[in-house]
Structures are given as C-alpha cells and as structure tokens.
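Okay, so subunit A shows up in both of these, paired with subunit B first and subunit C after.
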Partner chain A sequence: MGSTPTVGKSARLQGVATIALMALSLALVFFYAPLEAEQGFLQKIFYVHVPLAIISLVAFVLAGLLAVQYLRTRDAVWDMRAWVMIDLALAFAVAALVCGSIWAKGSWGHWWVWNEPTLVSFLIVILFYAVYRPLRAAVEDRERQAAYASVYAIVGAVFVPLNFLAVRFSSAYLHPRVLGASSQLPGPMALTFLVCLAADALLFATMFRYEMSLRRLRAMVRALRRRREAARAAAALTEQRRSAA
Partner chain B sequence: MRRSVAALLRKDLRVELRTLAVLPGMVLFSISIFVLMHFALNRSSVEGDLAAGILWVALLFAALLGANRLFVADADQGGFDGFLLAPVPRSALLVAKVTTMLAFLAAVEVVAVPAFALLLLAPPLWPGLGWLVLVLALGDVGVALIVTLVAALAVRTRARDLFGPLIALPLLLPIVIGGARASSPLLSFGHVSTPAARWLAMLTLYDLILGLIAFALFDFLLEE
Partner chain C sequence: MILALLPALPLHTAGKYVAGAYIVLLLLVLAYCASLAARVAAMERDVTELAADTDEDDA
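And now, the complex of A and B:
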C-alpha cells in the first residue's frame, strides 16, 4: 500500500502549520474583525460555523468523486480515501450543526429553528451519512463492501446539493442572512472569513492525511501479525514432526 | 431488453399474485396508519397540510414495507444468480423491479386513498382528484426508484430490514416536501386551486435525477 506509512517530517510540518493558521484565524476573529452592527459579538460564531459547513459539504461531494474513481479503477486505496473523507466530513457536519444551533439560540432565542434551511438540511445530511459506517460493517466481503459503500457515497454526493435546494424551497420565508455571498461583506470581515475558511480546510486536509496513514499503519500491523502467527504455527509444526521422528 | 424486462416483470407479478405476500400487507399497513393517526392526533377528520402529511407518510411507510421484500426472494433463492447467468443487460432487472414497485404503489393507492377519504378526510375528495393522481404518480416514480436502489443495496447485508428504511428515508425527503406541499391545497376546503407548479417541477426533476443515478449505479450492486 504505497510509500512509507508512518507520519513523516512533512506531515508533522503540516500539522504545525495547521495549528499556526488556526491560531491566526482565531486571533483575527477576536481582535481584527469588527463587531457586526445588529448581532454584535454573537455574529463571530459565523466565522466558525460557515467554514465548517462549507468544508463538510464539499468533502461529501468529493467523497462521491473518490468513490467513482474506486469503481473505475478497483484500487482499494480510493475506497479508503472516500471512507476517511466521509468520516471526517460527518464530524465537521456535526460540529457545524452544533454551532448553527448555538447561533440560532443566540439570535432567535430557540435551539432549533425549522425556518433555517441550512440547519435542517444539515440534520438530514447527517442522518443520511450516519448509516454509512454501519452499512459497511454489515457487509463482510471486502470487495462488495467497497462497491456498496461507493454506490452509497455517489448517491450521497448527488443527494446533498439536491437536498439543500429542496429544503430551501420548502421554507415559506427565509431569515435575513448575515451572509449572502462573501462579496457583500465589508473588507476586514471578508478577509477574516477567508482566513478561517483556509484554516479549517487545512485542518481537514491534515486530519485526512493523519487518518489515512493511521489506517495504512493499522493494515500493515495486521498483516505483520498474521505473518508472525503463520510463522509460529509453521515452526510448531516442524518441531512436532522432528520430535515424532 | 424489452423482452427480458417483460419476463422479469411477469415473474415478479405472478409470484405476488400466487403468494400475496407483500401487497395485502402494504394496504393493511397504510390503513392501520390512518387508524393510528386518528387516535394519536385525537381528530376525527383532517384537511390541508395535516391531511397531506398523513397520506404521504402512510404511503411512504407502506412503500418501505414493500421494498423490504422486493429482492428477498432473489437474494435467498438464487434469483440473482440465475439473472446474472442470463445474457441480458443488467439494467433490465432495475427497470423490472422499479415497474413492479410502481404497480404495487398504484395498487395500494387505489385502496388507501379512498379509505383515507372515508376515514379521515374532511373535505370532499372529488374536486381535486385529477391533480392528486398526477401528484401521486410523480411522487411514486421517485419513491419506486429510491426504494428499489436502496433495497438492492441493503438486501445482502446483515440487518437488511433495518438498513433499507434508514437509508431510504432521508433520500425520500424531497419527495415528501414536493408531494405533501402539492397535495395540501387539493385536500382543503373551498375552491380547489391547482398545485403550485414549482412542487410539480421539483418532483419531476428529482425523478429524472434519481432515474439517472439508479441507472448508472445499479449494475455495481449486482456483481459477484
């Protein structure tokens, strides 16, 4: 399975860069970005919530592309990438949902607001992808598991944007949004937002890299254990034969 | 292709007609939900949004119940193996199963919709019936595509009865939104307004996209 599976120097460097960029983004959020006129300090959760949401959705769609790649090449590494991508995207989506709920409580007084389509769509997407892992566990044959999981990931990648459109359609009215497009934001806010987006994207990439190498490492350990057990069994067999002879 | 679809469809419908293992269950289930809703909501009649919601939820649950059995005979008794050995395109099975499911849904609705009108619906059913049939038909296509694809995915896993509904329900959500919103004005008092075009458009679009996905991905669920 590819090159050295351990976490090398460049990965460690990437980890340090991630921490630095995260720290910078938080510093910008608290000390540089101006207070929003209407919501005041509360609006700052936007710099956490929206990047998490964007990245998790992009990752769900990317996972679908990785799954397509698996079905084309039948190389197990693509399936593993799609799997890790979905696991991480699910974690990001849950984080985005929790932030969104907190924001809703702060600005509208309720933890849950059905009129906020983004929040509702996230719940549905999470409900859908929450079954991905149990489904994998329920299929024993490795190749069939990968094929089923790929079909699942592709259906999900198509479903995620459609679901957002459908839920948005269904809301009778939309709450005025803090953010329509980042272009409407005043300069310092837009800059802070973009840095936050970059920091979270880097965080995702770093976690992806570490998780991939962790799983490769685990697979190698398992293979080595099997080899050791096979060698022991063979040694025991020869010993037995020698003593019998 | 057409002949193999026809042969598969004949087989499925004949099996159902001889065993009556699925269809009566689906019908009874939907009627039970109407009874359940009467007591759960403590209402003797409903209209508008509430009526549309009860009708769609009952139909969806009946569809999920039927979908759980859709591939069981093929998986357990060698139907898949026989099909894979035959020199026919694999999408034939998808088309046949979706058509079977559509036939089941139509049969359920022929009984369940009048039963709903009799048991729970306050306004008369007639004025909006034409539109309601169209909305149900558009919704059924999407429901049949989703539950067939998901049933094919779930049937050869452990705990298949659990995974089918769990995967299908989120995917069915856009159909519930479109279907329930479109049928709500048809189940209300007063002059029947035509359903808003955007719900019909949404259902049609979702059906088309689902059809393309199912057609593209179904083959991968059959390999062995």
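And now, the complex of A and C:
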C-alpha cells in the first residue's frame, strides 16, 4: 500500500514549522492586528474561526478529488487519503462551529441563530460528513466500502461549493463577509488573517501527514501478522501430513 | 447591518469569549496529539508482540 511509511526528518521539520507559524499567528493576532472598531476585542475570534471553516470546506472538496482518484486507479492509498482528509476536515469544521457559536454568543447574545443561512448550511455540511464513518463501518467488504465511501465523498465535494454559493447569494444574513468585494479588511488585519490561514493550513497538512504515516504503519503491521499466521498454519498442516504419512 | 448597531464589548466581557474560542483550537490540537500518542503506544505493543512471536517461530 504505497511507499514505506516513515516520519522522517522532513516531517519533524514540518512539525517545528507548524508550531513556529502557529506561534507567529497568535503573536500577530494579539500584538499586531488592531482592535476592530465595532466589535473590539471580541473580533479576535475571527482569526481562529474563519481559517478553520475555510480549511475544513476546502479539505472536504479535496477529499472528493482524492476519492475520484481512488475510483480511477482502485489504489487503496487514495481511499485512505480521502478518509483521513475527511476525518481531519470534520474535526476542523466542528472546531469552527464551536468557535463561531462562542463568537455569536458574545456578538449577538445567542449561541445559535436558526434563521441564519451560513450557520445552518455549515451545520448541514457537518452532519453530511458525520455519516461518512458510519457508512464505512456498515460495509464489511473492504473494496465495496472504499467504493461507496468514495462516491459519498464525491457527492459531498459537489455539495459543499453549491451549498456555499447558495448561502452567498442569500440576501438575509447576519454573517459578515470576509472574502470578496464586500470585504473591507484593513492591511494589518488582512495580513494577520492570511498568516492565521497559512498556520491552520500547515497544521492541517502536518496532522494529515502524521495520520497517514500512522495508518500505513498499522496496515503494514496487520499484513505482517496475517503473513505470520498464514505461515504458521502452513507449517502446522505440513507437520500434520508428515505425521499422518 | 445588525453587527454595525452592536457596541464593542469591553475587554473584561469579551476576554472570556476570545479565550474560549482559542481554547477550542488548543483542545483540537491536544486531543489529536493524545489520540496519536495512544495509537502509537498500541502499535508499539503490536510490533513488540509480533517480534516476540517471530523470535519464538525462529527458535
């Protein structure tokens, strides 16, 4: 299944770079970015909430592309990549939702607003992907499981941008727009936001890399155990035949 | 539009919300590290067991 798994020097360097960039992003958030005029200190949540949400949505779409690659090649490593991508994206999405809910409480006085399309659509995306793991668990045959999960991931990857666009075109919303023509972020805020986005993206990439290494290693250990058991069974059978003869 | 009408929360009020949001990020990373550590420990046990069985077979 793919290349030999190693968490080598480059992975360690990536881990150190992630910690450094995360530290830099926090320093920029609290010591460089100016206080926002309307929300004041509360707006600092923006730098953690929005990058988490963006990265999770992009990762859901990427997982769909990985799933397409699995269906094209039938190489199990692509399925594993899509699976890991969706797992991590779901964790990021839940974190974004919780951060958003905290922000909503501070800003609007409510933990949740049901008539806000952005919140509800994001919750629907999370619920959609929450079914991915149970779907996999429901199919025993490994190849069928991978095929069904891939189709599901592809449907999700199409659904996520459509959902995003539908909300974008919605007229009634409370949610501020960060990206696009309506965004009016001043320079220091925009720079801080971009560094936070890069830091969270690197965090995601590092987690993805370590997770992939771990799952490949686990697959190798299982394969070794199966080989050993098969060799033992074959030796036992030979011994039995010899003694019978 | 509604946001524009809301006044900025003072630091002592907003601080707990901001801390809460950043703690969520910290918890995400810590939970992942803990999960990774647990799975690495489990795999270490598996590999040790496999190595012991292989030694046994060789002997």
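Keep this in mind: the second predicted complex is superposed on the first by the 209 of 245 C-alpha atoms of A that agree within 3 Å, B and C clash if a C-alpha of one lies under 4 Å from a C-alpha of the other, contacts with A are read in each partner's own complex, and residues count from 1 in each chain.
By definition in this document, a residue touches a chain if its C-beta (ideal position, glycine included) is under 8 Å from a C-beta of that chain, and two chains touch if they have at least 3 such contacts.
Remember, predicted model here, so these are calculated numbers, not experimental data.
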| item | value |
| --- | --- |
| Which of subunit B and subunit C A:N163 touches, first, second, both or neither | first |
| Subunit B versus subunit C as contact partner of A:G187, first or second or both or neither | neither |
| Partner chain(s) touched by A:M207 [first = subunit B, second = subunit C, both, neither] | second |
| Touched partner set for A:V139, first subunit B, second subunit C, both or neither | first |
| Touch count on subunit A, higher of subunit B and subunit C | C |
| Which of subunit B and subunit C A:W108 touches, first, second, both or neither | second |
| Touching residues (chain side subunit A, partner subunit C) in the complex | 26, 35-42, 44-45, 48-49, 52, 91-92, 95, 98-99, 102-103, 105-108, 174, 176, 203, 207, 210-211, 214, 217-218, 221, 224-225, 228, 231-232 |
| Residue ranges of subunit A in contact with subunit B within the complex | 71, 124-125, 127-128, 131, 134-135, 138-140, 144, 147-148, 150-152, 154-155, 158-159, 162-163, 166-167, 169-170 |
| Sites on subunit C touched by subunit A in the complex | 2-4, 6, 8-11, 13-15, 17-18, 20-22, 24-25, 27-29, 32, 36, 39-40, 43, 46-47, 50, 53-54, 57 |
| Of subunit B, residues touching subunit A in the complex | 149, 153-154, 156-159, 163, 166-167, 169-171, 173-174, 177-178, 181, 198, 202, 206, 209, 213, 217, 220-221, 223 |
